[in-house]
């Protein structure tokens, strides 16, 4: 059974900016999904900010194995309850890939617990992406480095927690570096951040970038059944303790009571 | 100059529950601060939920090198803007220590980006805390294991990200284990979670527990100047790029413009 | 194509000790391989200390996707050149699983760069293995905890580097805990340590233990082509630098020279 | 009491190469130690390859809080028993800092358990070192980036395990990047790798580089008493188990017997 991907796009600049619309006539999300759909192991659909509940209903999330998120101009328009729903899906086992300016998206910041800030420059400069983790599955079939002739610069320090693994680091023509491919686990969900993808350049038409994203989908996919309640904190009563114990001392809680949250 | 600590206490059960009030007549926060104040390198004060802005004003946070947080029954009563202020202080360099039921406190969950859930049982059973990181500064002066005769059980799986270091793991009489001492970095701030401390037992009067907390204060203290804006994402204009580059291709942003958030 | 596994067994106590021979009449390695061979995605063979070059020839390693290693009484008899060959295969992309007393095997110590020491007791006590990483692929199909009624105790502090992920932690009847499932990356190779398996108990006949090992094989398998030389440190001559640069200043090395090792 | 540092230098090119001798007339090790000795909290001495036992006697290691290691041309001349002695000191709590070409030194490779390989070019090109971990103690007093106008290039992929923290990443004029400041723990010892320092350039006279090394000394210093035997694996007899247990089942070992190694 193929991996079910939903590519979430903000879909703002595609509607307002002729340059972006020219590069991505059907939207960036559609371009990303189209590329993924050339892989027989993946079935990708899309959702956008403008959809009801931003297209991120409980049903849609339940039917999504891996979510890809791109946002930039309208991070603040994403409803907080949808952000929580997305994060809960990740904690329950959904994979999540955050692209480029999604470093400042609400769900990524929420999952990182950190500022996720950086420096930036929009000058169409050259970016060279270096592999830092040999034979990592996210880099399968890719050379040790590849270039994007025109990209926005993102510079360190990047305000994220130290990752599980650093897969890529970028070199920029203007003199900066950036950890551009980072893996994390949050609850049962695998999370990957991948830097490239400024909307005024044709980055998501680049074969290497498409390969990274397809590889990341496979890496992030967790075939385990989604956790019903990733926040559950069950009480274990004394009489079913795995080793025989006797209750001792004073208590706050009554038998079978819920814990505080 | 001594390290300035603020011990934040929820201060609810101490007021409502005779058992808790009997063990901690001035509140748990006061007991923790009193123990810390026996160390000449530390000056500890307290703040409680019931204070204006929960005692967590910008001024107070600016004057706090390390914040210690204990909460249980009233996590939901902590205002969201105060939580953001606390997290920003951490990202700017303030140390933070979360104790016991603070695993479900808003600032800890916010900093972890994860459910932080667990299993639990309130039976006054024996907990044995094992050192898992030899000669770690947080374990300075402590034996390889020590016991708390009466504690609440917390069991795995503990829904937190894999830590920078696992310093302690607990054994429970009823058959469970728990990673009970975990270190993290978030922005410029060091974060430590330490498990023991159920309010109906005299845990914070235990010399080993007091030693761990004092050690953790010293570990979490960052002498660097607090970052003015830990979320800053400055633009680097082309004409001040470190290497000479020429602007190429289309742009979204005008010179000197703020980025999107 | 199935994953090719080699189970390496020391094969000493099986020959000398009637208890061990009774439990594992064909050797522990054979029992582990037999269990793996019930999985259609795996083809497992064996090799033993007594084979020429301990069965770890270059050809055999090249034909092994994942190596499983069990040793105890004869760690010192493993030749150092074979150890280096095994480590080079791991660095080149071979997966490696070290079981129980292999914590003190030469290749595991070599890959960890750490003492790998622990405390121990041979009393046939109860071990309960707790999952600490929800929905981890190595725990697929397993409950949150399972028991081995008779096992040797291993206790913390376990002298290994903090892992990429802690997948399991063990509880012991006598009062100890142990991080019993740990993942690492070394070069292009994935490494998993799994604690259970004292030779006087029927641990490798346990269905849960067998499941963990089969899952770990799939987790450790890297389909990428094995690196030809995982230690290569190539010179990049000035005239093929990716960005045009001119040589400046004094040099030690002549063009095309090898670096020092 | 000041931190006792020993700077270990290979001292080969300083004797053979006029350029190196001109920059470091007393040797690189002396230049590094001299800079450290300007800090009142540090007392630094030196040792060289040519000393008896390479200057790394048990007494000298016992009197060394933090060891700094620079080697290049003569890695192979370092005796294996000295390497094991150095690694044992680290596991027991000695801090260790490896500089530049020491990535291929025997003790660093031994501690990493990995190939530690990279790409390189000796062209005197510009290196820019970026901070990737805000307010990290190793970066105290340093700007977010600083430059070395002439350095040897080291390029990714760098064959080391993912670190505890990535503190610095380097940009090179010729188009490469490199993770140039990495922290690790091995046993009770803290380990830092710092990239700059090719012998034909005056890198160790650079104020920023000197600051990093002095900061790293303070970070790596562990005030705990050195472990007497960092490899000890003590048996815990049944009759002193922390929880009462009865011996069950067959045994391999007799009471009080040593474990296998």
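Every chain is named by a letter (A, B, C and D) in the order it is written, and numbering of its residues begins at 1.
Operating definition for what follows: a residue touches a chain if its C-beta (ideal position, glycine included) is under 8 Å from a C-beta of that chain, and two chains touch if they have at least 3 such contacts.
Quick caveat: nothing in here was measured; it's all calculated off a predicted structure.
Engineer: Counting residue numbers used by both copies over all numbers at the interface, does the subunit C-subunit D contact come out same (over half shared) or different (under half)?
Structural biologist: Mostly the same residues form this interface, as more than half of the numbers used are common to both chains.
Engineer: From subunit A, which chain is the farthest off, judged by mean CA positions?
Structural biologist: Following the centroid criterion, the farthest chain would be D.
Engineer: Averaged over CA atoms, how far is the centre of subunit B from the centre of subunit D? Could you give it in whole Å?
Structural biologist: For subunit B versus subunit D, the centre distance works out to 31 Å.
Engineer: Counting in whole Å, what is the centre-to-centre distance of subunit A and subunit B, each centre being its mean C-alpha position?
Structural biologist: 26
Engineer: How many angstrom lie between the centres of subunit B and subunit C, each centre taken as the mean Cα position?
Structural biologist: Computed from C-alpha means, the inter-chain centre distance equals 36 Å.
Engineer: Mark out which residues of subunit B touch at least two other chains, giving numbers and ranges.
Structural biologist: Answer for subunit B, listing residues that touch two or more other chains: 128, 133-134, 155, 159, 162, 164-165, 173, 175-176, 185, 187, 230, 242-243.
Engineer: Spell out the residues on subunit C that touch subunit B in their complex, using ranges where they run on.
Structural biologist: Result: residues 128, 130-134, 144, 155-159, 162-166, 169-172, 175-177, 179 of subunit C touch subunit B.
Engineer: Could you pull out which subunit B residues touch subunit D in their complex?
Structural biologist: Touching subunit D from subunit B are residues 93, 128, 133-135, 137, 140, 145, 164-165, 173, 185, 187-188, 222-224, 227, 230, 242-243.
Engineer: Quick one: which bits of subunit C touch subunit D in the complex? Just the residue numbers, please.
Structural biologist: For this pair, the touching residues of subunit C are 13, 17, 19, 72-76, 87, 91, 101, 104, 110-115, 117-125, 150, 153, 155, 159, 161-162, 164, 173-176, 184-187, 198-201, 230-238, 241-243, 245-253, 259-261.
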